[in-house]
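Shared between the two complexes below is chain A, which pairs with chain B and chain C, respectively.
Here is the complex of A and B:
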């Protein structure tokens, strides 16, 4: 079975009738099973009063550092894609000599991902609780929430922040910061640049963002879903958190699930859930996990896998930020990947020579492979260029792009043979994978 | 101290000087950007390494503590 709830995004306009549909208040000590982060009815933003009656006030520890061992026992890892242990980031920033900055990352530049926007829309106070608890844990008073460019969402969050200020629910004031709609805007160093007043472009590391980030200060950046988990772990404890998920990958996570019939929704599920419980695999050929920096897996293999890095990494993929797409049979996986590769090439910040030169060439070669009777040199060129860009960017954009492209060359090799013979499984080529209408044209688009 | 050579790819504009000064460790890719040999910098090349680092016109070549 799948747990959780399907949440549409963009969320429907909140009207007066929504007030009546707001969840009945539970007692503060009731630890939720699943879903944990999104209320069952979904789509209705939870106001502070409802939030407090459901969860109680954020359990401040009264002292920096105390949350860190709790998170270590819980085994919470970052839900933004990298799955880095949360307590280690907090530890590193907490030990800095300068006062750190704490930022909740809700940029969600991945076009196929809705989970952060949905979470921020529906459960803003869980995220804001987590942000305050993280700030307390590292002794920070400079706190911000970096949010995808959506006027209604940002307005809703400003209202939530004001509600909390009026109720004195926060230790530190929170600033809402607009994230430009770029694929890379949420990369940590791009985020730090943007909040420091520069374009949201990645920069060379070292120094790492936790050492020198926003205006040169040590900066703790956590994905907004990670913060929401933190808010609940602080209340209900590590054992509760681990009651879902696997031993090595505990807890639940939000996934944006794209079914082969075009349905798209956000679900919360435990790590270790069989993929076939999340996606209808009949009539599909492949599953994309980890989004556009992730990897294709044949549906026949995905049918035996669970939502875990343990399973997906063996197939060259990873859980990432929980984007799962089922590609229907009868679609051209090469043409789909080529379309996205072109988008990824255009979303390069253009700062690093190998990425700037290599990604458009890789995308063009994949376009060639997607055409009837392609030049046989296209695949060998592509593999050479892939090797030339990997590990040579200031960020992981080239590496993620080649991971995605390489997996397509492998998983859709039968279709490549089709193209060589002048055939294609889907001559109509109706686009399936979601892409935004615009890509970056000049530096202004990164601000 | 153990050190490694790295290029800041956001600073590098492909002048290619480093590959001329330090061909033992640096080659250029087909677009003219440096490919730096991975691993620790051998002591014997110290003088050449320092020269390549200081002569990069945009100071994109860096000698950093080994990670």
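Here is the complex of A and C:
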């Protein structure tokens, strides 16, 4: 399935009520083909009127739980990175005995990912539709949208919510909640902590957030892209959703693509798209998939892979939140990995000994390996520490970091040998992978 | 050897394993304080502190098991098997042995909850773990009262040393409670220690929040 097919949006229909589920699911002339979440031409932010004329009113079911079997057939999985089946989360929260809370997670802590903020900027109403549909499905009236501290984006979102309230498009009022600019701020339990009034730090599980989350209530957390897909599946049906993607990994997703020449953008593509259709692989040495908790894959292998967990997991990677970075041939992959590892170490919440002790050690050892004629013990030390650190934290920060580092040690082993001989492919060390300018310094940075 | 019958062998075994159990339990409590303070044993890797704390507690249970079983089997005194876990239920020295039973009950609860730690709430596990101090005090008083062994000689000095060590450890824990590095700063502190030349920057640099596209109309770039 190629992406970027320019299919014009369906012409405005007589009235939103007439459109709601009268069109047979999957009717090609009604339902948009790729791109689905983002507009075909340009990126003009969509206001409520345009949204309603394009898609019709949100198709509320009138009763909790009705959306869940639709999502099950569609096979929608979370687009925040974990790819957990959406219907199962809704089912679990819907069965809770106390009133649940529903939160849209737009806190995109991954520095290399732009898709959530782009989606919120351009198509907030799709996200807000999905949020309301999810709230209806689990019988919740406490709804929030969790986004990073960004005045313009939050202002835009507040305006969108106000528009909807005035048009009575929403079942429940939506609160916009602030997230600190931390890598871990978007982790489910960190989100629950922050919204409960504490610092945005992960908590130990059990209990999981769907059992006890925000102020102790069962909490449904979905990535904003997942909610946007929900909003469309509710309108056009599961068969339409499955018309792109693969049988095991259906649907489309937003990817943040970083080309070797520095171009960076968000594209929507079907799962199963060959990576060579998304990235210019000539002149590159490796591809990073899944972001900074993902894994490096050599370009020679990436040329034969598709954007699917089936292919990427076999190479130690995963699709995650759709970050794809092509590393140019003339860069030092170890130096880039060392910079990111240092950032990840400093983003530790400092709650678990193995994490706040182990990750800085690993980062320091990577710095050592990235320097000329490194101590030969650095690599073996790193491998030993990685094994000690995995699975021993309240969250998966240490695990993701070690996955990233291990893949670098494997994919860039030639470069490590170079360094032992006192050479480096890129002594200038111009930074390539994006990182924020400053780091977390004290408690204020986590609230 | 004369005088060591089967009965007295059981009695000696019970007393000896009792002494070892007290030593092991003291070591476990001291290591527990060290784990909590995130301290290290000099020259040993960090994971050894937690590992030793856990393994010595299991070893301690093994010794306590032999200690109570030999005491029950010994025909010289009447100690019913029930009184191992039910406090104050034995015919012989019910008070002192009862304290031993309390200690054993608590230790078993701590070990079982620790084995099931992944499946229970952290807060609950932590609250229960505070009872370890109850277990230790109970074990000490039980040791002092159940026989005269600790009333003189080497074993008296041993008992005093154990007591002083636990008091010192608790005092250290209390006085250092407010002085630990706040969790938000721990990773940076470790990194600064590892590579002082590239220590993390200090406050003063402007924030670089995630921004929406610079103009309102940024297109998702066509990457072909």
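Simple rule for what comes next: the second predicted complex is superposed on the first by the 418 of 447 C-alpha atoms of A that agree within 3 Å, B and C clash if a C-alpha of one lies under 4 Å from a C-alpha of the other, contacts with A are read in each partner's own complex, and residues count from 1 in each chain.
The rule is simple: contacts are C-beta pairs under 8 Å (C-beta built on N, C-alpha and C of every residue); 3 or more make two chains touch, one makes a residue touch a chain.
Just so we're clear, the structure is a prediction, and the values are computed from it rather than from any experiment.
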Joint occupancy of chain A by chain B and chain C, clash or fit: clash
Touching partner for A:206 - first (chain B), second (chain C), both, neither: both
Touched partner set for A:393, first chain B, second chain C, both or neither: first
Which superposed partner A:38 touches (first chain B, second chain C, both, neither): second
Which superposed partner A:372 touches (first chain B, second chain C, both, neither): neither
Contacts of A:283 with chain B and chain C, given as first, second, both or neither: neither
Chain B versus chain C, judged by how many residues of chain A each one touches: C
Chain B versus chain C as contact partner of A:357, first or second or both or neither: both
Stretch of chain C, among 3-11, 75-83, 93-101 or 111-119, that runs into chain B once the two complexes are superposed: 111-119
Those residues of chain A which chain B touches in one complex and chain C touches in the other: 201, 203-204, 206, 351, 353-355, 357, 388
Interfacial residue positions of chain A with respect to chain C in the complex: 4, 35, 38, 41-45, 108, 117-118, 120-121, 148-150, 152-153, 156, 181, 199, 201, 203-204, 206-207, 257, 259, 263-268, 278-280, 342, 345-351, 353-357, 359-361, 363-364, 367, 388, 436-443, 445-446
Chain B residues touching chain A - in the complex, by the definition given at the top: 7-14, 29-33, 35, 64
Chain A contact footprint on chain C (complex, rising order): 38, 46-47, 119-122, 181-188, 190-191, 193-195, 198, 200-203, 205-213, 216-224
Chain B partner contacts - residues on chain A that touch it in the complex: 201-204, 206, 351-355, 357-358, 388, 392-394
